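Each of the next two complexes has chain A plus one more chain, namely chain B in the first and chain C in the second.
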Partner chain A sequence: MLKYVARRILQIIPTLLGVSFLSFSLLYIFPGDPAEIILTITSGSEPSYEEIQKFRAEMGLDRPIIVQYIDWLSKAIRGDFGNSWTEGKPVMDLILQRLPASAELFFMTFAISISFAMLLGIVSAIYKDRAIDHFCRIFSLLGISIPSFWLGLILIWIFSVQLHLLPAFGYGGFEHLILPVLTWSFSFMAIKTRFVRSCLLEALSQDYVITARAKGLPKRIVVLRHALRNALIPIITYFSLSISHLIVGSIMVEVVFSWPGLGSLLVESVFKRDFPVVQALIFISGVLFVVINLVVDILYAIIDPRIRYGD
Partner chain B sequence: MLTRREFIKYVAIGSASLLLGCAKKEALVTPTETPIATPMYRAEFILGYGKDHRLKGGKWGIGFFPKIHVLEKLVEYDLKNDDFIPNLARCWDIEQDGKVITFELNRGIKFSDGSELNAEAVKFTVEWLKINHPLGSETFESAEVVDDYTVSITYKEAKFFNLAKMAEFHMSIMSPKSVEPEGDPNGKFVLPIGTGPFKVVDYKEEQYAVYEPNEFWYERYGIKPKFKKFVVKFIKDEDTRVMALKSGEVDAISDYSHGGSDYTPRNQLGILQEEGYKVFKRVIPLTWIIAFNYEKVPFNDVKMREAVDLAVNRDEIVKIFDNQVLPARTLFIEDAPGIKEAGVMYECDPERAKQIIDELGCAGIEVNMIVDKAQSDQILVCQLIQQQLKDIGINVNLEILETGAYKQKRDAGEYDMRLYYIGGTDRRFYMRMFWRFHPARKWKAYVSERTGELCEKILTEFDKEKRKQYLIEFYKAIYEEHGVVPLYFDIMTTVASKNVDISYEEMFYYPNGIPFGEPLFYAVGVRA
Partner chain C sequence: MEFAFVSEVFRSKILKNDLCTIGFGIILFIAMLGLFAPIIADDPYKTNLAERLEPPSIEHLFGTDQLGRDLFSRVVYGARTSLFVAMTISLISMAIGCLIGAVSGYFGGIIDDIIGRIIDVFLAIPELVFNIALVGIFCVAYGVSTWNVILAVVITNWVSYARIMRGIVLSLKEKEFVLCAKAIGAKDSYILLKHVIPNAIGPIIVLATLNMGNVIMTIASLGFLGLGIQPPTPEWGQILNSGKNYITMAPWITFFPGLFIALSVLGFNLLGEGLRDVLEKRTLEY
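Here is the complex of A and B:
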């Protein structure tokens, strides 16, 4: 087991390096001159050529790319992503400042979405091709199809403008959380519901399920104790990986509801070409994804020994 | 055991009770605010605004909103009369052809912390800007205190433009106590302390800013505030802003002070007005134009530019904005200096345009037009122009590009036409004249030998009448050379709910009648 874990950890090192390089190279992949865009947006005046050159020199953009990358990486692995080009503050401070709002929104959405996705997915699979299954499938389809920003605005119109029940925007108490969570949950749970349904349907078609039924076990026991348990492995993986949505998953919801989280920070930073912030957010998001993947892989191996033996 | 039908019934009754309970609770809430100047007004005025105020400074200082409402400038600009009006400065002497301007300050003006505005504060601001702001570094050479209330500023170049710049947002005067250590131009910015109508009391980045009336400012003008607290909530999405107004969570919403972005959707203004909201609208000297790649075929030919000019139907374009903006038949609004006297009118004559294209043998010519994806209104304008030009035989390939890609193509000159804007809020009239038409600038709208010389003369000439003559010649030259095609004049708006009391004059003028380019909120009263 330890050997397996060690090998998996070693395997993620090149992936992490790739993630770091891609995050860093955003600076050069993005179209447009970041110096010009930043100077125009933040100073409200149009910079001269000399000012742009001065900015490049100040930010170290005039050095060879590889030197910039090594410098950036050596600091990034210590949690130092430099200073924001527009705010002048450490990037990590900006991220930590926005993290609580993002975490609050994400984990609330995550909890609600997973609960409902499990419930609807199981019901849908059990009652396959019945009215309730059609309802769940249409519900999922709507969740996938309706853009979050549109749904958000509709919910604001109903609950804030017409009913005056909930605030239309902003970050604050529990009441501020309801509409953004509802909006995000709708799309978040939709695809997961379909995933749970298909995993469970696959499990229900297995021989051991037929055997269990043939033994005369009640349907509830067959579904929950036999089929669902086996179906849970891919479901847990899929749900766990969605934790990486913490940073980038809520962009539209945060913009519509003026939620001061990491998603809106990313959007603002992209528009302002505040590359240290963009690089940090993409890097952290990538690392989060890789690390969660690793943890899930290890858990897999613990839950299902076939995996580590096979490996 | 409940039957399924009973279960559904109880759930329905429970949900309805919950909804009614919430609604009832809302209805029972009574305002608890304490009235201030008169018993009829609420203590708090809440404004929805599209941009963070950056009150902690950021790399290049605070946002435009606090520059307008917390700080003040030495001079203000009256576009209609092309006059620079004393504000913090009571008068000024222009020396060495404008290389040096000596400002004498009004006495008895206090910053919101009670300290006095003096020459040291102006000197500190100039030095701080010189170090910390690109416009400051390209403008100022030095500042010398002559006496307690007189400060002499030396500029890098001798130009009238130096005085015009002093009315600019960025040149707002702040207290030396705004930084730490106090008065150190290299110091760390802490909070803006100014002489303007409001002082900062609380700020949460990307969420809200809370201001209180600056008693010294109100005393200076002999008026009383009608609210105790001014809360500005940052709502970035324009539709959410409108809904926040409709839900009563904010008392008013206002366009970004800078103009041209983060505004209330124009096609909603009429609807809001019909619903009883108060719409305050001011046309500003910000003209949206078609800018050509005039150094490259085919628009290096003045006849081609003329054809486009004649093909554009401005009345159709303003319909995109529900006719809330005005079609631009002149280069700037008629209040701008010299516009009326120039007598230049841009006409729409598609027949003539088609004839020109045919004469040039260019029927069916392919050109490309680039537009920034972030500017959704401009995309619609471009699509309409595409249709109008097709009617005269010009096929426009419209490229809707991400902001960075747009700028990259623009800088590389890989375009034939693009939308652009000239001018700005009133105080930016000369500033944008410089940015858009001066040969020394990188992102020009149009420059020829003739217009470039005229632009330089306009920015150098202190004599108002002579400057006006240069402006008239400039407008004529731009028209004759069809350098740019004016499309429409932008507006600046504030939409307020029915219970907000403020007049148009109070919204756009200082209490002493000085015209102000941007919306002001010092006189707002929100009826309880």
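Here is the complex of A and C:
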């Protein structure tokens, strides 16, 4: 077991290094001199030659790229992403300020989506090719095809402009949460419903299901006790991985509803050319994905010995 | 594959599948709109401030926008923009992705390890986040242009092709018919042409179809954020973006472009799923 965990941790190190290098190197795709670009963006005017030289030495931009990368990485690991170019505050402060709003939106959506996805997916698989299955499949196809920003605006038009029932945008009480959560859940649940359905259908086609049915167990029991239990492994993995959407997973929804979360922070920062914030958000979301992946793998190795010996 | 065979498969299998037929019909409809835009629609750039924000009527089927431009014409020309940009992105990423994936799977060893890690890194970072950051940086570095959007999306989009292609090549390498061909001294180019390409073409077509839907959605999302294809070129996401400020007075500016985004993404998803049923006979359904 320890060997398995150690091997998995070693495996993710190159990926983490890759994610960090990619986020770091974003600033170096610029064709120009980074010192000049940073000064132009922060001061808003053309810097002089002396200013550029001074700034370059101050920020250590004259060192070799690899040294700068190691320096950046060692700070990033401790949560220090430098200062924002436009706000003057540490990047981490800006992110922590926006995190609660994103978390609130995400966990509401997550809770609603996975409950409905389980329900619809199971019903759909049990009644495969019947009317209710077709309904669920059409519903989930629409969920992945309808742009969330369009759905959001349509809901705003219906519930805020026409019916005056709910606020169109902003952050505050429970009534502000309803439309964004509804909008995001529609697409969030669509993909998950399809996944639950296909996992359960796969499990239902196994021999032990036929055996259980053959010995006379009612279909309901076979589905819930035998098939669903086995289907749960991939389903829970898939659900857990979507927790990485917590960081900037809802960009379009946040922008439509002016929700002050990390998604709108990303878009605002791109417009303000505040690239340290963009760097930090890419780094954090990538690392979160890799780490959640690792945790889920290790948990499964503990639960299911087939995984740790089979690999 | 000869043309007669392809058209036979098309008629006997693909058109018999409901999903394929509906999806294909939708795509054909949108493509025709784009192709015959100059015949169907008026000038999408002609402003008329006397007719600002007019509701849909016989004269202006979808109404007019904030500059008095005919929204129907802008939406129809928008089909051109979306399909053209999405096809460019898909073809470039397909070429790059298939090549990288094939090289990785075929040579194995250290090359495969490195490419595999790179693919993992790209899978870890949410695509749209990376696209937004890249477009932002390209705008600063190279100025605003449609090529920024194409480049930014290609940078994240090749990965799915590389992954599929790598898997196909890895599994083919073990197959007896490939080992036999090698044993009797067939050249790599022969194996590629006679074994790899015919086996890869099905899954790649399915992926490319589903991917077209994703790319159209990404272009529209970037457009909606104001980071995509810039006005006055008509693009659905960007029309929606300008419409959101007029949602109380002129909801039609929001409604129609969104409907066309949803319709085209739906078309590609339906066709892709149908093709998967036809081309890859799998027990596992999605």
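Here is the rule we go by: the second predicted complex is superposed on the first by the 275 of 311 C-alpha atoms of A that agree within 3 Å, B and C clash if a C-alpha of one lies under 4 Å from a C-alpha of the other, contacts with A are read in each partner's own complex, and residues count from 1 in each chain.
To be clear about the criterion, a contact is a pair of C-beta atoms (placed from the backbone, for glycine too) under 8 Å apart; a residue touches a chain by one contact, two chains touch by 3 or more.
From a predicted model like this one, the values you see are computed outputs, not experimental measurements.
Contact with chain B, but none with chain C, is seen for A:Y49 once the two complexes are overlaid on the shared chain.
In the superposed model, A:I146 lies in contact with chain C only, and not with chain B. Shared-chain residue A:F289: touches chain C; no touch with chain B.
In the superposition on chain A, no contact is made by A:S102 with either chain B or chain C. Once the two complexes are overlaid on the shared chain, A:S250 sits clear of chain B and of chain C alike. Shared-chain residue A:T15: touches chain C; no touch with chain B.
In the superposed model, A:E36 makes contact with chain B only, not with chain C.
Of the two partner chains placed around the shared chain by superposition, neither chain B nor chain C is touched by A:T193. Of the two partner chains placed around the shared chain by superposition, chain B and chain C are both touched by A:V161.
Overlap of the chain B and chain C interfaces on chain A comprises residues 30-32, 37, 149, 153, 156-157, 161, 255-256, 271, 273. Taken together, the chain A residues at the contact with chain C in this complex read 14-15, 18-19, 22, 26, 29-32, 37, 141-142, 144-147, 149-150, 153-154, 156-157, 161, 194-195, 197-198, 201-202, 205, 244-245, 248-249, 251-252, 255-256, 266-267, 270-271, 273, 275, 278, 281-282, 285-287, 289-290.
On the side of chain A, the complex with chain B involves touching residues 30-33, 36-37, 39, 42-49, 51, 84-88, 97-98, 149, 153, 156-157, 160-161, 163-165, 167-171, 255-258, 260, 264, 271, 273. Residue ranges on chain B touching chain A, taken from their complex, read 19, 22-23, 26, 56-60, 64, 133-135, 137-138, 169-170, 205-208, 233-237, 239-240, 243-244, 246-249, 258, 374, 401-408, 411, 431, 435, 441-443. Note for the complex: chain C touches chain A at residues 117-118, 120-121, 123-126, 128-130, 132-138, 140-142, 213, 217, 220-221, 224-227, 237, 240, 243-244, 247-248, 251, 254-255, 258-259, 261-262, 265-266, 269-270, 273, 283-286.
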